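Some structures are shown below for you to check.
One chain, subunit A, links the two complexes that follow: it is found with subunit B in the first and with subunit C in the second.
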Partner chain A sequence: MNSRSNVGAAKRLMTEYRQLVSGGSPDGMFTAGPISESDIFTWEALISGPQDTPFEGGVFAAKLTFPTDYPLSPFKMRFDPPLFHPNIYPDGTVCISILHTPGDDPTMYEQASERWSPVQSVEKVILSVISMLAEPNLESPASVDCSKLYRDNRPEYERRVRESIREQLGL
Partner chain B sequence: MNSNKVGALLALVEDPTDFPANAPSLRTLDAAVRCPICSEYFAGPVSLLCGHCFCSLCIRNAIATPASKAQCPTCRTHVSESQLRPNPGMEDVVSAWKLARPCVLGLASKQLEEDVVGEPAKKKRKLDDDSSRVAGPSRTSSTESTSRSDADVPSSSAPAGEGHVPKPDFVVACPLCTQSMKYKFLEAHMTNNCAPVSPSKPSAPPTSKSKSQKNAWSDIMAPKSRGKDKDTSDADHIPKVSYDTLKDRQLKDKLAELGLPTGGDRAAWIARHQRWSMLWNANLDRAPAKRQSKAELLKELRKWEDERAALRSKQKREKEKEKPDDHAHLKTHNAEFKKLVAAARPKSKGGATNKEVEVGIDTSPPPSSAVAPSLDLNSEADVIVVDSDDEDEKGKADL
Partner chain C sequence: MTNLDPALSDAEDAPAAPRIHSSELPDVEDDVVPPAPREINEDTPLDSLSPAEIAALTEKMLNNPETRTKLIAEITPISELRAEYLDGSQSVVRQLDWLHAHGYTQFRRAARDGNCFYRSVAFSYLDRLLQAPNIPVTVACFREVLASKEFGLTVAFQDEIHKEFSEQLYTLMQLIEDFGIALTTEDLLDKLLEVSDYVSYFFRLLASAEIRTNPAPYRDFIFDQEIDSFCKSQVEAVDSEADHIPMMALCNALRITLKLATLSSHVQGDVQEADVFTVISPDDAMDKDLPPILLLFRPGHYDILLGPN
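Let's look at the complex of A and B:
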């Protein structure tokens, strides 16, 4: 039903998907694609934790939900299971400026230059998220507890992240 | 059915990665003539003041989205609709590339096969009669050869090299304006700044000398009025309208003037007029030969309205589904709530644990306030179930 309602958005998503499949991601840091053949508007991304960070060694699944007027509006990204990170809400939703339109400003500090624009793409956003994993942005704490821990007790933060990764991997 | 559709779309989509990975320059070329918004070939490309290029309809859509703050999607400088300028040069490039693409694609994949076989350099030498070319690494030579042979194909009737002079009656394309004509007229045509050639004209230029002079003068003096005569008045851009200043009737008249349906309410009229202006103006940014007819545009408008209506009703249904849940839940379970509250109360009085006291306090407000009743219900249910279990066990023990 969704795929019928906006052929333009579907086509653009197809193109992005094809490019990701044939081009691959830089350094193989992530993969992304539609979950099912019937719905091109819901994707799943698998992101491997960046090296030299507490997230190293982990593989994180995120669900991408695209609006019917994509790419005019950004998609939504939600880690499932949620990730323990200052910029990720406890329900797993990612809070990152590149996924906010210049119009809405939930945090009141983000530069317009780092917001969503129709020329952005899944690939660029996921790369931004990977760099966000490595360097949290404490100005917009989506998870306040985690931000406090990150600021006040870095070793404990890193320990908790590693622990959650081990849990996820079932070790 | 849906999956078929997605599969079919996936097969239909052409994108830069159609070209082999060992020809990155071809991928770049293919990506360069695509709109960064819709990732398809530019349709009616327009440039902004900052120089960035988009499909006319794409950028008009993007600017009209309130959240975009009217910025260039690439560099974020401020833009307005009046600043859009058609980019016919890019349009020509796109149509030329569309023609050449299958040919280049074929050559590139053929090249790939040869590379796999393992004797690329030898075969290439044989193919190329031009011995001066260095048979270097396969990548550079492949792009060179493809671009060369590509250039040969469409212009086979035109003079191929410097030493080759076509016969006077040979039909050739003017290298400046691509108009085709017999070779003997080409020189005169080019010295006349690519004046249109008709077979009779060059044969009798002196007789109509005064007339052509007049034409030349009118060209210089009033080139614009001449252009306007050609385009009928309805081929003008629709100006921006400030809808707030218009009364309902004026708005309706405007729609009727444009030949649009006048059904629906005021909001629908405004949306329809906005969308139509967008489609209409974007269509005008294309080359005249590539424009859609008004009927086609009307069809597109109707499709858009249908989609919009479908989307709206879907959202409405979802909202309705979510909303009344709380109240309905409260109403249907009101009796149970009361029963539970009554059951919990005596226990909390009779020296119960803290937990039960809290629950007793919690249970009183839900019937009046609609805040998260399900959560409260669960906690109560848990406690009660535990209690009843206890009682059951007691009863069993007694028995």
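Let's look at the complex of A and C:
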């Protein structure tokens, strides 16, 4: 069963990759694909910071790690280098309901939000992450420091985000 | 940029989750860093595990094919189940006795992983093709019904994504058509178990598409939830258990008859057939000349019941 599922996962990932390559992402907001031809289960995504947010102008790299039973189970997404954001753990791992299965709810605040299901896709998840960059969800903070700053001192939060983007760009 | 985030569009028509005001968040020390997901191995002290980590480990164990029991087990005498209830509910024992006396003497256990209903139906659905008097005609008939669902599935789910899951079912049906009775039920079971996660998921999509495209019969039974959010959380989510709504929807979609034996601990006195069996039979069922799909239901779990030969 493992080997068969594995074939299913590889096939799905090829299909998704092909669609992303041929169709591109809406408004060219991101690109995503396998890092190397030898491993279809590890992807890199490059996401451009959404307009009219402190992330505007930045380009963020994230590693996507797929399980062998994808799409029955969701993938994991980790920004490298980590992003300063209320819903991103200090190590860069993204905490978003759409990447959790219904039984897996670390913060217990996500009951009513959209969950992972095999009809989701890399594209849908990344679009949700882009929305999350623009509108953090303070109900499930992954970075408490950042959530607190976002809540108490928005201008300083925005300044720190912009500063980190300039650093990443080497300015 | 409209409707970019499905979670956001949901929030507008679904009842809002209880929200805490951010101003009510407790103050925390600046040096408190929440634990990032970490690698857990046999050297990790057990008492250092957070509830979230324990939940994640449990989930992982339940999902590991090597640690979970056989997804659909071999034929077992129903007396084995009776023995488990001897010290428990006598009402269940009497119902098992009734089943035994009426020729329902055997069953197959299904794994308790949230997919037991869909996987059990998938197995019985295919096994009945093998038992049909005229296999090619019956396969053709089943295929025709499935083909008629393509439109609804395409409307409900983008990009014909359902085909990724239906493909495995069609392959098994082709196998049945090609080999006919040379294929035994156990061969079929082995083949199904290689791909049963996919076939079960396709049955979920069928049930969900049925509810989404023809909501009238189901709407009044869905409380406090919009159709879309019900389908997403209760049908399309991989581990969600099936209650009577997806059950009805799946029977209506596949046009199949389901006979469900419910073991209840509340039956008083003599057991009657009506206490045990519930029959779900769509008016347009296409399997009226075949024995119905038989499932054995105990609260929270479905197994496969074998009928009198």
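Keep in mind that, in the parts below, the second predicted complex is superposed on the first by the 164 of 171 C-alpha atoms of A that agree within 3 Å, B and C clash if a C-alpha of one lies under 4 Å from a C-alpha of the other, contacts with A are read in each partner's own complex, and residues count from 1 in each chain.
Everything that follows uses one rule, which is that a residue touches a chain if its C-beta (ideal position, glycine included) is under 8 Å from a C-beta of that chain, and two chains touch if they have at least 3 such contacts.
No experiment lies behind these values; they were computed from the predicted model shown.
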Side-by-side fit of subunit B and subunit C on subunit A, or clash: clash
First (subunit B), second (subunit C), both or neither touched by A:Leu72: both
Touching partner for A:Lys148 - first (subunit B), second (subunit C), both, neither: second
Subunit B versus subunit C as contact partner of A:Ser117, first or second or both or neither: both
Touching partner for A:Ile40 - first (subunit B), second (subunit C), both, neither: first
Subunit B versus subunit C as contact partner of A:Glu156, first or second or both or neither: neither
Dominant contact partner of subunit A by residue count, subunit C or subunit B: C
First, second, both or neither for A:Glu167, with subunit B first and subunit C second: neither
First, second, both or neither for A:Arg12, with subunit B first and subunit C second: both
Touched partner set for A:Ile98, first subunit B, second subunit C, both or neither: second
First (subunit B), second (subunit C), both or neither touched by A:Ser22: first
On subunit A, the residue positions that both subunit B and subunit C contact, one per complex: 1, 4-5, 8, 11-12, 15, 19, 69, 72-73, 101-104, 112-113, 117-119
Subunit A partner contacts - residues on subunit B that touch it in the complex: 2-3, 5-7, 9-10, 13, 15-17, 21, 36-40, 58, 61-62, 65-69, 71, 73-74, 76, 307, 310-311
Complex contacts: residues of subunit C adjacent to subunit A: 1, 4-8, 10-11, 14-17, 19-20, 22-23, 25, 27-28, 30, 32-34, 36-37, 52, 55-56, 59, 63, 65, 114, 157-159, 161-162, 164-165, 193-198, 201, 205, 229, 232-233, 236-240
Partner subunit B, residues of subunit A touching it in the complex: 1, 3-8, 10-12, 14-19, 22-23, 34, 36-40, 68-69, 71-73, 101-104, 112-113, 117-119
Subunit C contact footprint on subunit A (complex, rising order): 1-2, 4-5, 8, 11-12, 15, 19, 26-27, 69, 72-73, 89-91, 93, 97-98, 101-106, 109-119, 121, 124, 127-128, 130-132, 138-139, 141-145, 147-148, 151
